[in-house]
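Labels for the chains are A, B, C and D, by order of writing; each one numbers its residues from 1.
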Amino acid sequence: MLIEGHPSMELVFASANGQRGQTMRAGRREITFLGADEARLGDAALVFSALPHGASLEWVERSKKAGAKVVDLSSDLRIGNGHSGVPYGLTELRRKQITGAEVVANPGCYPTAILLALAPLLEAGVVEKGSTISASAASGVTGAGFTPRPDLLFAEISEDFRAYGVGNGHRHVAELHAMLIELGADQDLIFTPHLLPVARGILATIIVRLNHQLDAPLDLWREAYANEPFIELSETTPSLRDVVRRNVVKISAVNAANAKQPTLIVTSAIDNLTKGAAGQAVQNANLMLGFDEIAGLPL
Amino acid sequence: MLIEGHPSMELVFASANGQRGQTMRAGRREITFLGADEARLGDAALVFSALPHGASLEWVERSKKAGAKVVDLSSDLRIGNGHSGVPYGLTELRRKQITGAEVVANPGCYPTAILLALAPLLEAGVVEKGSTISASAASGVTGAGFTPRPDLLFAEISEDFRAYGVGNGHRHVAELHAMLIELGADQDLIFTPHLLPVARGILATIIVRLNHQLDAPLDLWREAYANEPFIELSETTPSLRDVVRRNVVKISAVNAANAKQPTLIVTSAIDNLTKGAAGQAVQNANLMLGFDEIAGLPL
Amino acid sequence: MLIEGHPSMELVFASANGQRGQTMRAGRREITFLGADEARLGDAALVFSALPHGASLEWVERSKKAGAKVVDLSSDLRIGNGHSGVPYGLTELRRKQITGAEVVANPGCYPTAILLALAPLLEAGVVEKGSTISASAASGVTGAGFTPRPDLLFAEISEDFRAYGVGNGHRHVAELHAMLIELGADQDLIFTPHLLPVARGILATIIVRLNHQLDAPLDLWREAYANEPFIELSETTPSLRDVVRRNVVKISAVNAANAKQPTLIVTSAIDNLTKGAAGQAVQNANLMLGFDEIAGLPL
Amino acid sequence: MLIEGHPSMELVFASANGQRGQTMRAGRREITFLGADEARLGDAALVFSALPHGASLEWVERSKKAGAKVVDLSSDLRIGNGHSGVPYGLTELRRKQITGAEVVANPGCYPTAILLALAPLLEAGVVEKGSTISASAASGVTGAGFTPRPDLLFAEISEDFRAYGVGNGHRHVAELHAMLIELGADQDLIFTPHLLPVARGILATIIVRLNHQLDAPLDLWREAYANEPFIELSETTPSLRDVVRRNVVKISAVNAANAKQPTLIVTSAIDNLTKGAAGQAVQNANLMLGFDEIAGLPL
């Protein structure tokens, strides 16, 4: 859908084994889904691949041979998941490696919200050594995909709320921890995702002990993200409504009252389907293909 | 409503200045709301008062003079809010002081979920000295009351999620911190409430650094709460659905993987309108009047 | 669940091929699901069968041979679906045939709401001959069952509303039309169901042309349903909230203003899982087994 | 917001007595609300007025004197509400009168959905003389406005559904009946609105008796609305999701099975805030000012 509105991209094919032969409306066009084996890779300059975990590597090889670049939306090629050499597509933190790259591993939705919020703190060296960073986050159900699972039925989700993957059990923990190390962190990160009765959006609430009190905490992000088109900083805490259908991260940071140790509460909101997936994929594709980074993306 | 099903209680009057003269169905009876000044305190053995903040003290005096006991649901008389001598009605932790008491301050909904989850840890002395306890919690909208505020309209709440009172700004922080001190804690507590698009229920997600790893963490709660009728312990994390319309707290505790410092993730769920308010009020009233503690309460 | 609270019933077994071996909590008991072939029919006085359409007849025969009565919740044995001789379990309209019966066909949820609303009108002969009765109804998603279908996922249902089975295409039309004929109607009935983003509840809105104006339309229902424990009549239109978790039908009837032909708008609400399914099944079982009709049922 | 994206319109002022002095983000601009008395009417070519009912007439006079055209979104000037001479802004049915007009009365949201669905049938003369047209419709809560009313709180709306204004009591009945007469109808129209637990969208389900069976009923609309940019016809019934955030009406028509009298079920969906309000207002303003009718409108 984003591609339909893109000034310099045109959709060559769409593939979905489960829906082979079915059609989808994208703007004014009708698109017919192909099986993965029918995809005409040679006709494409770049392929967005969102295959089940484990299937990406072969597809990336096929695409490369056919001369197509790849933005891979699976976790297979992401940092912390065993494959090295592929740039991690958290655009604002890895812009140089992504620009012109052949293959980019698009980040998970939770890591996008959490790492963009944490990076300026870690890079500034203000987080207390050896402390624990608590990142609790809540996601709309589209974060769990569109497979018809009994626990994702309306009657199960509505009027409910629960944590899952508790105790650092979520599959995004690998890329979170690997990126923390790249950012120079020695702190523990405890990640607790929750399932919200909303369709889309992620809100992360991050508690960080500092080694000294910051008088204007948001200034840290203002400096780190000066001129970033897709990062919004706010004195008031963001809500899902502020970011849904937009390719942005909205971040706020507040000092804790009544705490002996200086402590910051950072909140960060994204649309899991836009900045957390397809939007960031287009943002990366723009850099890989030499287009304007913001082309085709909803601000 | 709970009183209608209670074997030993009978409703004498209900008062609500804003709805004076209106009627409400409670089981098979019709009840007409009186103005607060019309209430026949002398006819009642016990009064449940849920007045706006600031108005409780005078009402408690009037009730005492008329010979009626009081369960006060406002925050006016709670620990940490300036009045001493009134037992804090977190029943499982203060049963002795509540039994037979004249006046009891019913706890806030968030503190009920958080303190019942934390008390066994703190009493066992296993929390790392000087560490930070992060308690993020999410509540259904009835926790914000029934005043018609623009931000509580369906069109504002549905498909949204946000934090509020960020940075220990919520009015429940006072009783949380005061009770932590009574429980012997020297740790910081960072409390971050969130507003959920559901009608009722609270889920608290609490991150605690330990001074040593616990092999079977839930055993701590099993011992502390042996024979408690309203506390449920679970190896799987609780969800709102497990507790709504019931006077229980459901608690789970899981060790964090991939953490240098032993760390526990404790989740705790209650119905904010039952164990978080009216249910616990009846539980306290039962103890104050010498009834069976579980009389009239939905398990 | 209703059976756990029933004073004279005890659950002997529960069977569910898809969940064979799994357990469920029912009040204080743990129940393990059996496969249908393992069910000990001989131990039971009455079987509630909710098999997929087409499978009921064989099961009823097995139960009869084993000496157990049957309340069948499928549509297989219902009026209009090809099998005769089995009483249609719309309790208030067929109490005599149900009392002491061996087998009863429990009605569909939509027909329960619509037929209990229409019967007094048709029996009084006040509906215009040859006119069209429009019954539009909306149901919560549990009416569509608990099979994980893509169109029942939270992300598909929330913030949406649509009609289905439009043009008398719904499988409940057969029993609706057959019962209308039994009630002496010559009118067309156009039934249009809709899918609501709520978990449970059905509201039917029925437009009926009359052969003469009724001054106090609700009096017709008051007479027809005098002393019925599960029928509530109301001058104000019912909402789902009034009936959810209760075994009642709530009915209202209002004359249309600005209409040349006297016309009545009848609204009728039930809980599709209680009066529309399990509750009415217990109500019927009570009559079949000689218990008090209201035993174990939530008013 | 629509105006911000319009190629030929620019917002001169926004007025809201209740929010005087507050600011709103519209695209890249900050807008400060004025009081109605501060509005600089002379600077504007056209004013969109959405005043409380009763206040429009005076405002229209002031605007005219100042040389500004007016699209009035209140019901004051609509057909059937006592004022004549002002074109009724149901664009597809009154395009000629709207083009170049000084003042246009923008229709109600329900009438937009119902009248655009009914007009081709009535103009073709295929509706049975003297029959009753039943139009049941359900609307998202934004149709009730943004005033903080207790019955519009999330906790009241979620998991509920109810009819209101039952018996032709809704204030939109006047314009519905007046337009039916203009379209040559002698039939009764029974309009029953319902309140949905969704933010936005209206679905109308309309039952119409015909004087003869139509083999391909949708052809009637295809002919009547050939080349209409904002009307979508569909063999499958529309859902809210198809139309939300778009300035379209989506219509389907299906013959009833099992009916003696040929009967059509017409379903019609709009976004109450777009084609049902602001979108149609811009569509009318485009015609009044001589712009392209589709300028600035989301298809």
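Here is the rule we use: contacts are C-beta pairs under 8 Å (C-beta built on N, C-alpha and C of every residue); 3 or more make two chains touch, one makes a residue touch a chain.
Just so we're clear, the structure is a prediction, and the values are computed from it rather than from any experiment.
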| item | value |
| --- | --- |
| Least hop count linking chain A to chain D through chains in contact | 1 |
| Chain pair, B-C or A-C, that carries the greater number of C-beta contacts | A-C |
| Separation of chain A from chain C, taking each centre as the mean of its C-alpha atoms, in whole Å | 47 |
| Euclidean distance of C-alpha centroids - chain B vs chain C, Å | 39 |
| Chain centre separation (chain A, chain B; CA means) in Å | 37 |
| For chain A, residues contacting two or more additional chains | 158-159, 197-199 |
| Chain D-touching residues of chain B, taken from the complex the two chains share | 140-142, 146, 148-150, 152-159, 197-200 |
| Complex contacts: residues of chain B adjacent to chain A | 130-132, 134, 136, 138, 158-164, 166-169, 173, 177, 188, 190, 192, 194, 196-199, 201, 203, 205, 207, 209, 237-241, 244, 252, 254-261, 263, 265, 267 |
| Complex contact set, residues of chain A against chain D | 158-159 |
